[in-house]
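Take this structure, written in structure tokens, and hold onto it; I'll ask about it next.
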């Protein structure tokens, strides 16, 4: 556990219960996504009609998968961040609550884009929701880095800088993708799906963790 | 772990599993709030019509955010309380079950106030639900303080008194805010949103924890 | 941890993860109950009309509270049972899965009785659902007692007998209450609400745990 | 904990939090299944009409029970797999996220088959969903076996081979059962219900764990 003598904020909460609550919200948000996929009305439908109607659910499944990976990526990074610190002060609690509020909100724009994927405002709204969630994570990242990681000099300065750029580029990518919707809605949706997949690849955090081990 | 020889009640449950169940209910209640935000019907809507309809969802989002923070604040205090004791007797289990029953109920008045924020009975109902939840937390607080914290003399008497006032003022604030709805509904709603934000600031519990550390 | 040399079944799963999954299902089942309470349509309702419609939700809230306590009681007993053993074999896993299947099903009859509390088949269906859940818990209890608690002679025989009667009387009470619906539906509903409250009082399990501590 | 010097991938995440998140998704997916069982409209229904309508819910309850056990079986195997390793690298995280995405999706085809159990495309869709989930679990299994279990030579080669066949036969059974729907829909549904029950019986993993203990 990190301990700096000049820290005035105190550990309000054990990391254990803080993580349990956060993991709970992540796990529920991700699982609730499926509720938003509505069953088509197949009463008196022939087999071929049923297949057609089931295929129309595909945009819902795509938006489900995208949001699932988006939340999954934030969860992975959330863990990696709290791997470094063992202390949870009130500021972290508050920022984390705001982050979880954004994460738990994602099923709503996901349902919208699954239903109205051709509507420009809906596509922009989805991108902005993910961007705001990403910025909330960045707020957590910047606070933790400034308050604990830098003062403790636990991690090499250059690694922190690279990881910061990596972390910050996440919501900015969503802002750009949302902006591109004004040119092409399909391009936006493609980018929405690609961005989190890109972040599943090994990143800077990994390398840092590797050096530590 | 606190141990007093004259205690007749026994630890029915490990704190670990007690907290896991409680954290689960808190995390799910908070995440379920989003389900109550209904998607507007955007079929055949133009972009500007879609924007108008999406903006009409704003009261739902405000009520979502308010209830999220309300439950978050109770969760933070719940943790702080069980930071002091390591023992869960049957009385705690029962009061805690009643508290969780109130917490898990909050998505219902939240959905109502998001939909019918101009209806006086709905606004009062929302405030009363939060007040009752707060009083349930107070019941837990008073029991734990009398039974364990005071007898163990673990915490300074004055700190307990201050924290008690702080804890008690939470549901009373909601009662007052609910009462003010008879004068101005908007004032009530404003207070509903402000009260939990106020409780996110560092409080008496924090100072106590700081002294302990 | 109990260890008997002649045991052929093996610990398939750490108690930790077994309890985490079980607690998760209990916590979610209990919190999902609120989803079934539908918001009344208050569009263009006057304040007094809105109050009338909100009061009509009361049966839903009563059934919510009843099922919440029912699941809460089973959760408390579930914990108390696994307090005694530290081993989870495949038979326990299977019975536990069936128990959780019953517990996770409870929101459905709860929604039904909240909506159609005057319908005899619905009232009987609710009672039967709780009785079956109780019998599933009993199956777990009997297996654990025969396989581990009796062979280990950890607990006094008389205590086991008393606790068995106590445990068995739970689903039987629900069977009787369901049967009484044919005489009076209201009597059944009253009993449904009273039975779990009765089980929140200190019981035989507590005394046993007290002797142990 | 396994440690091999030549491993280049690093433990990105503690097994503890990885399992907590996974268990959360399993527990929520399993509990959400009940939401899809819609309450019949019993307004003004006589007792006998109500009974008829409640009996019509039976296919929903059967599909609920089947999917519950299917997810339960995967959860049990998921645990057994991570019993062997204590390390979670990025590849495991990614495959696991895809597995959880499949698991969390199951409530959707479950709702469909409960409602439209006579529709060939729906019955095939349900079987394919379970098969894909099974293959996702197999991907996790093959990766873990190749990367950790074989290189560490922790488990006897023959046991790994038997367990592999056992694991692989799970999704293949669902593929076959889905294919048989073209001959008889009822046969498919019967097999869907039987396959997971079969996997609740003691298996190869158990024997391996027994030898270890």
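Read from first to last, the chains carry the letters A, B, C and D; within each, the first residue is number 1.
Here, contacts are C-beta pairs under 8 Å (C-beta built on N, C-alpha and C of every residue); 3 or more make two chains touch, one makes a residue touch a chain.
What you are looking at is a predicted structure, and each value in this text was computed from that prediction instead of being measured.
Student: Do the two copies chain C and chain D share over half of their interface residue numbers, or under half; same or different?
Tutor: Different: when the shared numbers are divided by all numbers used, the fraction is under half.
Student: Tell me which chain's centre, taken as the mean of its C-alpha atoms, is farthest from chain D.
Tutor: If we average the C-alpha coordinates per chain, B ends up farthest from chain D.
Student: What is the distance, in whole Å, between the centres of chain A and chain C, each centre taken as the mean of its C-alpha atoms?
Tutor: 36
Student: Centroid of chain A to centroid of chain B, CA atoms only: how many Å?
Tutor: 25
Student: Among the residues of chain C, which ones contact at least 2 other chains?
Tutor: In chain C, residues 20, 24, 28, 32, 35 touch at least two other chains, as defined above.
Student: Which residues of chain D touch chain A once you look at their complex with the stated criterion?
Tutor: 10-14, 17, 20-21, 24-25, 28-29, 32, 35, 90, 93-94, 97, 100-101, 104-105, 107-108, 111-112, 115-116, 119-122, 125
Student: Considering only the defined contacts, which chain A positions touch chain D in the complex?
Tutor: So the residues of chain A in touch with chain D come to 19-20, 23-24, 26-28, 30-35, 37, 39, 42-43, 45, 47, 50-51, 54, 61, 64-65, 68-69, 72, 75-76, 79-80, 83, 200, 202, 205-206, 209-210, 213.
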